[in-house]
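Here come two complexes built around chain A, the first alongside chain B, the second alongside chain C.
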Partner chain A sequence: MSNAILVVGGGLTGLTAAIEAAELGHEVYLVEKNPWLGGRVAQLTKYFPKLCPPSCGLEIQFQRIKKNPLIKCFTMTELVGLKGKKGGYTAKIRLNPRHTPPFNVDFSLLASSLEGEAPSEFELGMTKRKALYKAMPFAFPARWVLDPSALSKSDAARVAGAKFLNINEKAKEIELDVASIIVATGWRPYDMANLPNLGGGKWKNCISNMQMERLASPFGPTGGVIKRPSDGQRPLSVAFAQCAGSRDQNHLNYCSYICCMATFKQCLYLVEQNPQVRITVYYIDLRAPGRYINTLEKVQKLPNVRFVKGKVAEILPGRGDNLRVVAENAITGEKQTLEYELCVLATGMQPSLAAESLPLPMPLDMDGFVAGGEEAGIFAAGCARMPLDVSRSAQAGTAAALKASQIAKGR
Partner chain B sequence: MAQKIGVYLDRENIGGGLNLDELAAKTKEKWGELTPVVKVVPIMAESVPEIEADIKANDLDGVLLCGASPRVDSGFYRFPQEDGRKILVDHVNLREQCVLCYENPDGSPVDPRVAPELLKIMAQDYINMGVVQLQKTTPADPAVVKGVRRILVIGGGWTGMHAAIEASKSGYEVVLIEKNDKLGGAVNNIPVASPLRSPWADKEPTHLSELIEDLDKDPNITVCLNATMKTLVGEPGEYKAIANVGGEEKSWEVGAVVVATGWVPLSEKYLAPMGLGSSPAIITAAQFAQMLVKNEVKAKRIAFVLDTTIAEKAFAAEANEPEKDILEAEASGKNAESDGENMDQPYVKEDLESIKHLAYSNVVNSVGMLRQANIICDKTGDAVQAYIIYKNMAIPGILERFYRTMQNRLGIMMTKADVTSVKDHGDRVVVSCENTLLGMDFDLDVDLVVLPCGIVPTTAKELVVNFDYRQGPDFPDLELFDGYADSNYICFPYETRRTGVYAAGCVRQPMTLDLCEEDACGAVLKAIECIESGDRGVAVAPRSGDRTHPIFNFLRCTQCKRCTVECPFGALDDDEKGTPKPNPSRCRRCGTCFGACPERVISFADYNIDQVSAMLRQPDIPKNFKEGGPRILIMACENDAYPALDMAGLRHKKWSPYCRIIPVRCLGSVNAIWISDAMNKGYDGVLLMGCKYGDDYQCHFMKGSELSHLRMENIAETLNRLRVEPERVEQLEVAIDEYDRIPELIDGFVDRITALGPNPFKGM
Partner chain C sequence: MAAITLQPDMDFVRRLKETGGHNLKECYQCATCSVACPMAPDNKPFPRKEMVWASFGLKEKLTGDIDLWLCHNCGNCSDLCPRHAGPAELMSAARDIIYRDMLKPRLIGEWMSKPSGLVPLFLIPALIWFIVWWIRASIVGSWFPRAADGRIVFGTIFYGDYTIDPIFMITFFGAAFILAHGCRKLLDKFRPEGKLAVIGKKKNWFVCLMEVLWEETGSASKFAQCEEGPATGEPHKTRRFSHTMLVWSFCILTFVTTVVAIGHWGGKILPFILIETPMPQGFWVKILANIGAALLIIALIMLTWRRATLNRHQASNYYDWYLLGIIWAVALTGMFTQIFRLMDWIHWAFVIYYIHLVVVWMLFAYVPWSKLGHFVYRTAAMVYARMYGRS
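What follows is the complex of A and B.
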């Protein structure tokens, strides 16, 4: 028997669950498949409704991890097997090679001398990264990663002789004894390529809401200045297409909870950067739960923003790099085609488990959300279970830590 | 006090062409016996075994690690000793905030192989500051409280009952007090709820009586009906809760509290513009729920009106008034918190109920009305026609599936519309609709109109805990959250300014039952965490695990009450004379108390007035401002400003080499004495960098940066008296992601100081 808890996923929900469980006195293993913790929130520029930076809360969480020897974080790691039963599981995890040492070394000089590049996953493909890289300034752990597949020939020679790099490091598997498991595998943005009528992936100036977060970020591909991808111009007219994939039985059969609020927030980014900008938001319903209604009201008062009830039917190329948005105004019944310099698809959230599987005795529903597992001592939390915003995810992570701790007796 | 300090310099991570052996030799020479070991190591993280060996061989009691920022890799350096002896560990940031940010004052290029003189001076200054910091640190003596493993749950509705059951499952005793004569609260009128679990598509029975039975059978849980809180005395881990139970006073020792007092319906006057009170055929959802339970619904055509614009417009003027009051109060300088004398007056609870609560309840109303429409259709076999008229159907997230199920329900007809009036016409009620999806305006004739409810948190109306705290019986800051006992922080939904007391359910935010259940679990976890932390004598978040606590030297206390007034967490009570009475387990270790204290009475084992004063005195201040340059002291909040400085360094941003940075726990902990010490020492300027303050504050200790800002006025006065220009001290707000602005902020200040000329105290 073990008093340890396994947390799968190091985004905000998983981090919260892991830290809270460890501060109760449990040993906690936090397993994250990416090289860094923080998950989706690390990609966000600001949180609604306060418009405060996510790195502020993450910094506190990382400090709590550093101070607590009960938490062991495994990055670039996957859960590959599970034996045993509730209260006495043995989990097998695979640690993929990072090729850099377990402590921090500043590789920035070496990295900048390399030639090979790959699309940056963190920047959602909007820019490239080197083969030796750190995705973001606040990356935690503050360690670099070497991606051998992105090395050019001359890079390979440079790297082979470099101190502290181990190109031959292999994946290894270890086993952990745990009493209970928290699944916080989160979400990924719904693939725009599934929405060809909206031009996602087809037209350069049609971007997703998550890409917009990166464009507004001070450490994003444009240094925080929102520019349209085709020509680097700051857009004067922007359309937001809400429910891009969400609330649609052919795509995501649910509402993604955050997209309305994310759009209101992004309207504020745009107006702050350019008071002349004109924005149209095409929507089915404006969903601002609870006190978030104040943010909606704030945006509704902006002279720059117009709301049109109606779903976007099609996005087509317009003059130059502009795009034409075809939508029916649901109230007037009028079909409109208007031209914009930039279109933002408010793409929804898809549970990560819709595309990946975990070796856990836990049912999923038709959309890939976790639909049970509690009897087996497995507790799904956050966006692995349903679409949620940041605050509710933290709430869910805290609650899951309690449930998992009730099984992991003996602190 | 560390008396034998090992100093280690990390060759791999310092760079900048600094001659580390020379730095080490100078350090050894300056500190002699205090630093028996001074070493340059090839890479710090790999030198842990060597440091451990040095600790044993030289009986070291402190280790000073000079290299990368303490934010990096600090988890590697713990050095636990077999005999339990504590080794004090501190870091000197020679990478991010020294070498990487270094630039020559004239902007000329820097040769990375040969350190310029100013960089050498800076590095040596920082090492010396680190040595005295450790020298003035003592091992913590934790303030352990009793850690009573009993949780008080206030409120016996859905959230409170779940909190009690979950706490009991975790092995804790529970006392649950409920104001009414039965458990269940609002759920007594909700036999069938909106979806509570996957697949989230259909209504579900609440099984309230089974839940109550579980509660009654549980030997860990004591339920008291007809009970209200009289007062909560003491501190987390060993509170004494006194309640009035059916007219009789009862008391318990409890470790922590979950507040689940729920809500009351918004006053009916706010719904009068929608016809409430004008006809028995216009009722609220709460009244409809009771009719459903009693099977009293006779109407055949029912309109559920979700668009509340008419009511909101009618009361819009009133809704904006409270803000005006606050502004006026601020303008006239009336701030209850900063006015210590006010607190001795009897407390008057401000009523925070307003029309805004109606809009805030949008999700609960949208989901609730769908549920009610569904139930009445079930009961009548869809013989009833239920109309749901909405402006925005606020059913976010997974409950879309429930919405879709309802759309397919025969008896339910939904339309978007702006409702312009609801009028009783004797035999029928007419709901006038505009901007509908049917392409025309219409009047809907129905037999019954159901209006939404406003979820007004009990904390907006009454004192639900009744704290026996010097700062008063209520939660502070309720007006910021429209009366909800909510957290200010998006990442930390259970943050509270009353440590050990955690709100859950509709008293925190309007929420549906599934979320209330989850929220109960979250609050119980925080309650348990708080009890266990108190038992170990450590702080809870954000400084979780901190074993230190404020220690008072009462001999010098002048009973000025500033610490008791300014503590953001109400941790300090006082006696009749005004002597502070600490409650360490309420305390969050921000240091605001010692920032406030004019007499240097308060200190932490690892952070105190004397320590920082000694640190800031370490650098040699050039007598000649023109030749040696000015010196600027920067006090940076370690939560946000300090990481931003690190990031700026890592991103190769450069700033004036005349600055020396000292991290502080919070700007609230900055004592004016440090500023006058800095002026006496000859610094030309002091820059405080901290978090945003105001209503949307980002300070992790709530009031720290705001208090610091308020104190600046007093500091300016003092400086004026000393004939020092008050412009020499500035406070700047810097968010953690504003690292690219750092050079502009710092160099701007340095330029302003350079223009002012040297500090008149310099060299005196």
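What follows is the complex of A and C.
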């Protein structure tokens, strides 16, 4: 019997849950599939409510992890099996090989000499990374990763001789005794390929809102200057298509909650970078919950931003690399086809579990959100349960830690 | 701004739902449908506004809406609708309510709207033709007589000059008269209140009609345009060829009927154009008739297959199936009449021919209240739109 708690997912919800549980005195295993912690928040340029950069909030959490010996983090790791019952589970996890040593070695020189490249997962495919890479400058843990599948032939020879790399490292599986489990598997942006009428991801200058976050990020592919992908020009006219896949029975049959606010935030990025920019936001309803109404009002006051009530239902190629956006203005009853230099699809949140399964006895609803499991000592939190913003995800993480702790107490 | 109090007709909403617009209340006015529709013009596109009129129960607005007839029901809007509210089904249901309500006698509209109405609708012509059969049988002395040379000649019972021709002439011209009346009523509804002024040269109605007919049946370019909407990711089944084929088969069969009628009646005055039925199989009119029948069957199979396998977002209602069903009945009974006659199965031949007469009468007599009326109402609406715009 153990008083340990397993946390699946190292995004802001999982980090918060893990830290809160550890600070209550539990041993915590934090399992993260990616090589870094911080999840989707780490990819943002700024986040609500205060519009701080992600380093701001994540840094605090990372400090708390560093100081707390009760937390054991496993990155590049997946949960592959579960035995036992509530209060006495044995979880099997698979540690995928990182091929780099557990201490921090700076591989930047070696990495820059390599030829092989692969699309960067962290930059959502907008740039390439080397086979030996660190996802972002302040990745935590600050360790490099070697992706052997991206090595070219000459790279392989170079890497074989490198002192600190172990190309032969194999995946290994270990078992952990835990009392309860917190599921914080989070979300992923809805795939644009599912939206054929909006270009299906085929048009270069039609990007998702998460890609926009990377474009605006100081350590993103453009160094924080918002440039359109096709020719690196700074866009003068930008369209935002809200509810791209959300509130749609053919796609995500729910409101993704964050996309309106993300768009308002991105309007601010654009206007800050270029006061000449003209923005049109096409929407069904503008949803600014609670105090976020202040941000909406701020954006509505901007002379650069025009709001059109009417969903974008078609995006076509225009002159050059521009895009033609077709929508009916439902207030005036006019179907408008307007040309923009950049188009941002406010794609919604799809729970990660809609596409991946976990070996856990918990039901999912038809959209892939966790819909139970508490009776088995499994507590879902954050965007694995419902679409949430960052601060509510953190609160959900704390709440889950409290519940998981009640199962593990006194053992 | 003046305050407007809407007068919702809840009964109309209920009927729209029953007729096929089941999910119309799901609509949240996102306006996807207006973009999905390649036919909808930029100014006041459809069907978003129709969805809100339907939801609010604004009967006069919806039934007097010319855009109902500009819709060719490709179903793109229903494919892309994020709420599965079925704008295409709603437009279709609104047209069906017009077929049902616009013309007297209302009872026929009522019967035409539901399967149980098929019984009286069938019994009327069944009785008419049975009386004809009965009278002729008592004159000829047999219910299944043969011609003097032993052939099966339907004219022995259903003698053209005194039975078929007068009854169908009355039916045909009666239906045409009622349709014309329906057209007038429909065009009155399109007309905006007050005076209508046309700036510039007024377009000639005949030229407009020819243009519309060319677009609809000649080149079928409207159907091509209808299918040019945004990609939906759903399999889309074209109607361009099957519908055109059906229309052409109707044209061929109408032509054949006209030729035979002229040959028969005109032959009484000018003997050299005389045509006697049954025509020999090698006669060019007969060949043309068989080609028309074959095209009809092929087109029917294609259209029925399309309806039966519509994608998950689109639906067919009773009006769609009635029209397909009645044309199937006409085509099949017509075909089997000839087959049984050639096979010399006299009882089958006469019974099937009798049913053929019944269903042909149903097809013609009930046109003003059936979906087939669209060929007149839609044409009228499109000519009006060309002449005066969409108001």
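Criterion: the second predicted complex is superposed on the first by the 408 of 411 C-alpha atoms of A that agree within 3 Å, B and C clash if a C-alpha of one lies under 4 Å from a C-alpha of the other, contacts with A are read in each partner's own complex, and residues count from 1 in each chain.
The definition used in the following text is that a contact is a pair of C-beta atoms (placed from the backbone, for glycine too) under 8 Å apart; a residue touches a chain by one contact, two chains touch by 3 or more.
Owing to the predicted nature of the structure, the values given are computational and were not obtained by experimental measurement.
In the overlay built on the shared chain, the residue A:C52 is in contact with chain B alone; chain C does not reach it.
In the superposed three-chain model, the partner touching more residues of chain A is B, compared with the other of chain B and chain C.
In the superposed model, A:C243 makes contact with chain C only, not with chain B. Of the two partner chains, chain B is the only one touched by A:P218; chain C is not.
In the overlay built on the shared chain, the residue A:G377 is in contact with neither chain B nor chain C. Judged by the touch definition given at the top, the superposed model places A:G38 against neither chain B nor chain C. When the two complexes are overlaid on their common chain A, residue A:P351 makes contact with neither chain B nor chain C.
In the superposed model, A:E334 lies in contact with chain C only, and not with chain B.
Under the contact criterion defined above, the residues of chain A that touch both chain B in one complex and chain C in the other are 247, 309, 330, 333.
Note for the complex: chain A touches chain B at residues 12, 16, 19-20, 23-25, 45, 47, 50-69, 101-106, 108, 137-138, 142, 217-219, 223, 247, 253-257, 260, 285-291, 293, 309, 330-331, 333, 365, 369-372, 385-388, 390-392, 394-396, 398-403, 405-406, 411. Within the complex, the chain B residues that touch chain A are 12-13, 43-46, 68, 71-76, 78, 95, 166, 169-170, 198-200, 359-363, 390, 392-401, 404, 416, 435-437, 439, 481-482, 484, 489-494, 509-511, 515, 518-522, 524-526, 528-529, 532-533, 540-542, 544-545, 639-640, 643, 647, 650-651, 692, 696, 698, 700, 735-740.
Touching chain A in their complex are the following residues of chain C: 28-36, 40-45, 48-49, 80, 82-84, 230-233. Residue ranges of chain A in contact with chain C, taken from their complex: 194, 196-197, 200, 243, 247-251, 284, 309-314, 326-330, 333-337.
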